[in-house]
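Structures for review follow.
What follows is chain A paired twice: with chain B in the first complex and chain C in the second.
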Partner chain A sequence: MSKKYEKVAYYPGCALEGTAQSYDRSTKAIGKELGLETVELDNWNCCGAMEVKNIDPKLQTYLSARNLSIAEDMGFDTVMAPCNGCYHNLKKAEYDLKNDDASREVNERLSSKAGHKTYEAGKVETIHALDWIKNSVGEEGIKDKIKGGLKGLKIANYYGCMYTRPRHIFPEKDQGPGSESTHKPHFMDDLLAAAGAENVEYPLKTACCGGAHTLSDSDTSTKLVLNLLQAAEACGADVIATECPTCHTGLEMHQIRAAKAFGKETKVKILYFTQLLGLAMGVSPRKLGLQENFSDAMPMLKEKGLI
Partner chain B sequence: MISSPQNFDDLLARLEEIEGFSDVDLLSQAKELAQEILGLGEATLHFWIIARDGTPTNAKKEGFSILALHRQGAKGEPSFNACRESCREAVYQYNVILQSGDDEQTLRALKLQIMVVRHLALFISGKLEVAGLGDFCCASKPIRQKDMNLPEMVQGT
Partner chain C sequence: MPIHEKSLIRPENIIEHEELIIDGVDVSGHWSTFINSRAITDYNEEMQDEIAGLAGGEFIHRCWQCGSCTNACTINALNNDFNPRYWIYLIRMGMEDELLINKDIIWQCVSCNKCTYACPRDVNPEGVMKATSHWLELKGHTPKSPSMIFDEGFSEQVFKTGKIEDGLVLRQFFAATGQKLTQTWLVSMLIGLMRKLPLTMLTRLGLATLFRPRTKNWGAASEAINEYVNEKNEENQRLLGLDNLEDRQ
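Showing the complex of A and B:
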C-alpha cells in the first residue's frame, strides 16, 4: 500500500460537475470513510476531452498539462481523476510531453501566452479513482470498513475503452502481479469482491459503449449498449458496475431508449463502483447519489437486504 | 448456413437466427456453430479491411485468423484496438465450446460468443457509417479527416 495516495489532488472534470454528480459525491464519500483525502485543483479547466483532441491533439495536450501544472503548483505529485476520459487525457498529455518535441513546444508557447508555469513531464502522476483506492487501502482496507457488504449481489464490472487504451500511455499497467492489466482489467473486480460482491465473468468489460456515437448515430449506440446489457444479464448480473461517466450515462440512457425504440427491456441495474463500495460501507444511498441514477436500483437493493 | 455474409445486415441477422435456436439445437451442433460464429467475426474484419482498400490477410496469429485480421485492421488506426479484446473473447469462448464437456457451460459460451461477435459487428459497422458519425467521435475521426479542412486558426496552434 502506498502512503503517497492518502492525500491527492482531485481533478473532477466537467462530467462530475454535471451529469455524474453522484460519481463525484460517492467518490468523496468513500474517500472519507477510508480516511483518504482529496483536494480539488484550483481553477481547473477542461481536459480537452474528445472534442478538442479530435481537432487538435496538441491543444488537448496543453489543456491537460495546465491541470497538471496546477497540481504541481499546489504542492501535489499525484492527481486523481475518476472520469475515464479525463484520466486518459492527462495520461496522454504526460506521454506526449515526455516523447514529442512538437507537443512540448506547443505546451511551452501556450503556457507562456496564458501566463503560467509550463508543466514538464514527470512532475505529477495521474491516477484513476480505482488506482487511488486499490493502492492506498487495497482490499484489506475495504474489508476493514465493511458494514453489511454486498453479499448476494452479482456484478458485471464494466471498465469501458479509455481506462486501458492505448496501452503505451499507461506504463504502470501490465507490470505483473499487483498491477492492472490492459487485457483483462481487474481492479474494480478486486475491490468489489473485497466488499462481498460476487463478480460474474463478463466478456465485454472493455468493449465500446458507443458513447462517441451518442449524438450522431444514436441507433448504433443503443444497439451497442443493449448488447452490453443483455450480455450482463446472460452472465447472471444484477448490476453493471461502472467507472466512467460517459459509459454510465450511455448505459442508463440507452437502456431506456432500447425499451422505447426497439421494445427490448433489460432489468440489470447500473451503478458507479464508488456507489457500490459506499453501500457496502454503510453510507446512506442518498449521500451516494443513488436517487440521481436513472437506473433505479433501490427496489432490487432493498429486496436483497442491502439497504 | 451463411458462410460468407455480404454485409452487416446479413451477418447480424444470422447471429440473431442462431441466437433463436433452441438449447437442444444449439448443443447438437455446438462446435460447428462456434466455428461459424468465429467466421462471422472474421467477416466483420474483412469488411473493415476491404473498406479501407486493403486485402484481408490469410495469416493466423496464435492460431487464429481473427487475431491476425484484427492486427491488420488496427495498423495505422490505434482506435481500432477498442475491439481487440472482443476478438480475443470470441476466440476464448470458441475454445471453451470446443473443450467443454458440460452442456451448461457450452450453452453459456455459445450465447456469449454470439454477443461478443455482435458487439464487434456493431462497433465496426458504426465506424464505417461515415454519414452518421459526429464531429467529436473518436471512432469517426480517421474517416472524417479525409475531407476535413481545418480552420487556419487550428492549423497554426
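Showing the complex of A and C:
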C-alpha cells in the first residue's frame, strides 16, 4: 500500500451531518476497514454550496478557504471531502485563489476581519472520497479486504455534475492513464468492479439530477431524476451507486415524487458507493446506515444473497 | 439567409393568407407564408455592461455564438425556449424586449455547468445565466425567483451560524414560498422513514431543533461577511443606476 492519503483531514460538510449521515458513517466504516485514518477538521463551516455562490462567488471562495486554512493549521496537506458540492467548492476556491486577484483580496479581507489565518493557494490539496480510496489502497487494496463481495449485483455508476465540471478547477483530471476523466469518469466503476460488482454501461454518468432546484423547481428535478432512473433500469442496473449527498437525496426524493406526482414507478435502488464497498467487505448493513436510505435496498440485497 | 432556429420566430410574426392570388398565381395557405419585417429602435445599450458587472457575467463579451452552450444544456433538453446562446446574443445586442419574453424561465438554470464545460471561449454561460436572472430581479422585471428565495434563506443561515441544518432550510423555504409541508410525496417519504426508524427520526428531529449545528466563534466572520454583502449590494445598485432612482423619489 502506498503511503499516499493514509491519513487525511476529513471535511464532512453540512449534508453529511444532516440528511446524509449514512454517507458519513459508511465512509468512516470503510476507512477503518482499509486502515485509512481520517481526522475531522476542527470547527469547520459550510463550504458556501451553490447557494452562497449564487449570492456572491467570492464569498463562497472565502467560506471554502476558511476550511482549507483549518486543515493547514492542523498540519495536513490533504483534505478529503465525500460530498461533491464541498469537494467542488474547495477545488474552486483553490483555483480562484491561485488565478484571481479579486478573490484573493476578498479572502484576505474577510479572513483578517474574522481573525484567522488567510489561506493561500497551494498549501492544501483537496480530494474526493473516490480519490482517497483509489489513490491510497486502490483496487488491489479493496480486493484484499473483500468478504463476500458484490457478485451478481449490477450497478450504474452515477457521478453527477460537480465531480467533473467545469474542467478547469480539476487540473489533475484528464492526465492520461491512471487519472480520472472528466468526460467519462471511472474511479467509482473501478472500485466497485474490484469489489466484485458488474458495472453496466451507463450513459448518464455525469448527467444532471437537478439538485440545485430540487425544491425550488421540483417538476424539473423530477423529470431529470426520472430520466436517470429509467435509463439505469434500461441498462439493467439493480442499483445506482452515488457519491454525492445532494444527488443521492435528490434521486431518492424524486423517485418517490415521480411515483406520487407523475405516476411513474421505478424499482432501481440507490446506494452510496461507500455503502456498497462496506457490504462487500462484510460490514453490517446497520453500520453502513442502509436502514436510513429512503430507497429500501434490503429485500433486493437479501434476494441476491449479499446480506 | 437560412433560418436555423425557426422556434425563434414568434408565431405572431408569421403571416399566412388563407386565400391569396398574386398576378394570377394562387399562393393560398403555405405558399404565402412570410415573416413580418420589423425595425428595432429601442436597443438598451447598457444591458451588456450591467450584466457583465454582476457576478458571473464578466466574460459575456467573449461569446462568438457557436451555440455549444445551448447544445449541451440540461434544461434546453426539457424546454426549447431555454436558450443560453440566444439570450447571450440578445444581451450583447441590447434587445431587452426580446429577452423579456423569456424572463420567467431564465432562473431555471440548474448550474450543471455542461455549458461552461463545452464553451470554447470561456464565457462561463452558467454564470451569465445567474447574472441575467439577478439582473431581471434587480431591475424589477421579475419577482424574486423560487431559486433566489432558496439561495437567500440558505445563505442567511450560513452567514449567521456558519453551517446549515437541512430540515430548517426546507421548512423556511416552504414557508417563504407559501407551500404546504403536507404535499403527498413529502408525507409519504416521512411516513416511510418513520415506519423504519421512529426513534432515530424523532430523536434527530428533536436534537436538530434544540441544538442547531453551528460553527464556534463565528461572530467575527459573520460580521465581516454581512459587511461585505451589504457593500456588494450597494455596488450592484450603483452599477444598475438604481441608487439615483431612490434619491429622486
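Everything below uses one rule, namely that the second predicted complex is superposed on the first by the 305 of 307 C-alpha atoms of A that agree within 3 Å, B and C clash if a C-alpha of one lies under 4 Å from a C-alpha of the other, contacts with A are read in each partner's own complex, and residues count from 1 in each chain.
The rule we apply is simple: contacts are C-beta pairs under 8 Å (C-beta built on N, C-alpha and C of every residue); 3 or more make two chains touch, one makes a residue touch a chain.
All values reported here derive from a predicted model rather than from experimental measurement.
Per the definitions stated earlier, placing chain B and chain C onto a shared chain A by superposition produces a clash between them. Once the two complexes are laid over each other on the shared chain, residue contacts for A:P166 go to chain B and to chain C alike.
Of the two partner chains, neither chain B nor chain C is touched by A:G31. When the two structures are aligned on the shared chain, A:H213 is found in touch with chain B and with chain C. Applying the stated contact rule after C-alpha superposition, one finds that A:G289 touches neither chain B nor chain C. Touch criterion met: A:M50 reaches chain B and chain C at once. Touch counts on chain A: comparing chain C and chain B, the chain ahead is C. By the touch criterion stated above, A:L59 is placed in contact with chain B and with chain C alike. Applying the stated contact rule after C-alpha superposition, one finds that A:V106 touches each of chain B and chain C. Legend: residue contacts after superposition of the two complexes on their common chain; A:A231 is shown touching chain B, with no touch to chain C. In the superposition on chain A, contact is made by A:R257 with chain C only, not with chain B. The clash between chain C and chain B in the superposition falls on 130-138, which is one of the stretches 130-138, 184-192 or 202-210. In the superposition on the C-alpha atoms of chain A, the part of chain A touched by chain B in one complex and by chain C in the other spans residues 49-51, 54-56, 58-59, 106, 110, 161, 165-166, 207-208, 210, 212-213, 215-217, 220, 223-224.
Remark: chain A residues 49-51, 53-56, 58-59, 106, 110, 161, 165-166, 183-184, 203-208, 210, 212-213, 215-217, 220, 223-224, 227-228, 230-231, 234-235 touch chain B in the complex. For chain B in complex with chain A, the residues that touch the partner chain are 78, 81-83, 85-86, 88-89, 92-93, 108, 111-112, 115-116, 118-119, 122-123, 125-126, 129, 132-141, 150, 154, 157. Across the complex, chain C is touched by residues 14-15, 17-19, 43-46, 48-52, 54-59, 62-63, 66, 106, 109-110, 113-115, 161-162, 164-167, 182, 207-208, 210-213, 215-217, 220-221, 223-224, 253, 256-257, 259-261, 291-292, 294, 296 of chain A. The part of chain C that touches chain A in the complex is made up of residues 55-56, 74-75, 78, 108, 110-114, 116-117, 124, 127, 130, 145-152, 154-155, 158, 162-167, 170, 173-174, 177, 184-185, 188-189, 192-193, 196-197, 200, 208, 213, 215-218, 220-221, 223-225, 227-229, 232.
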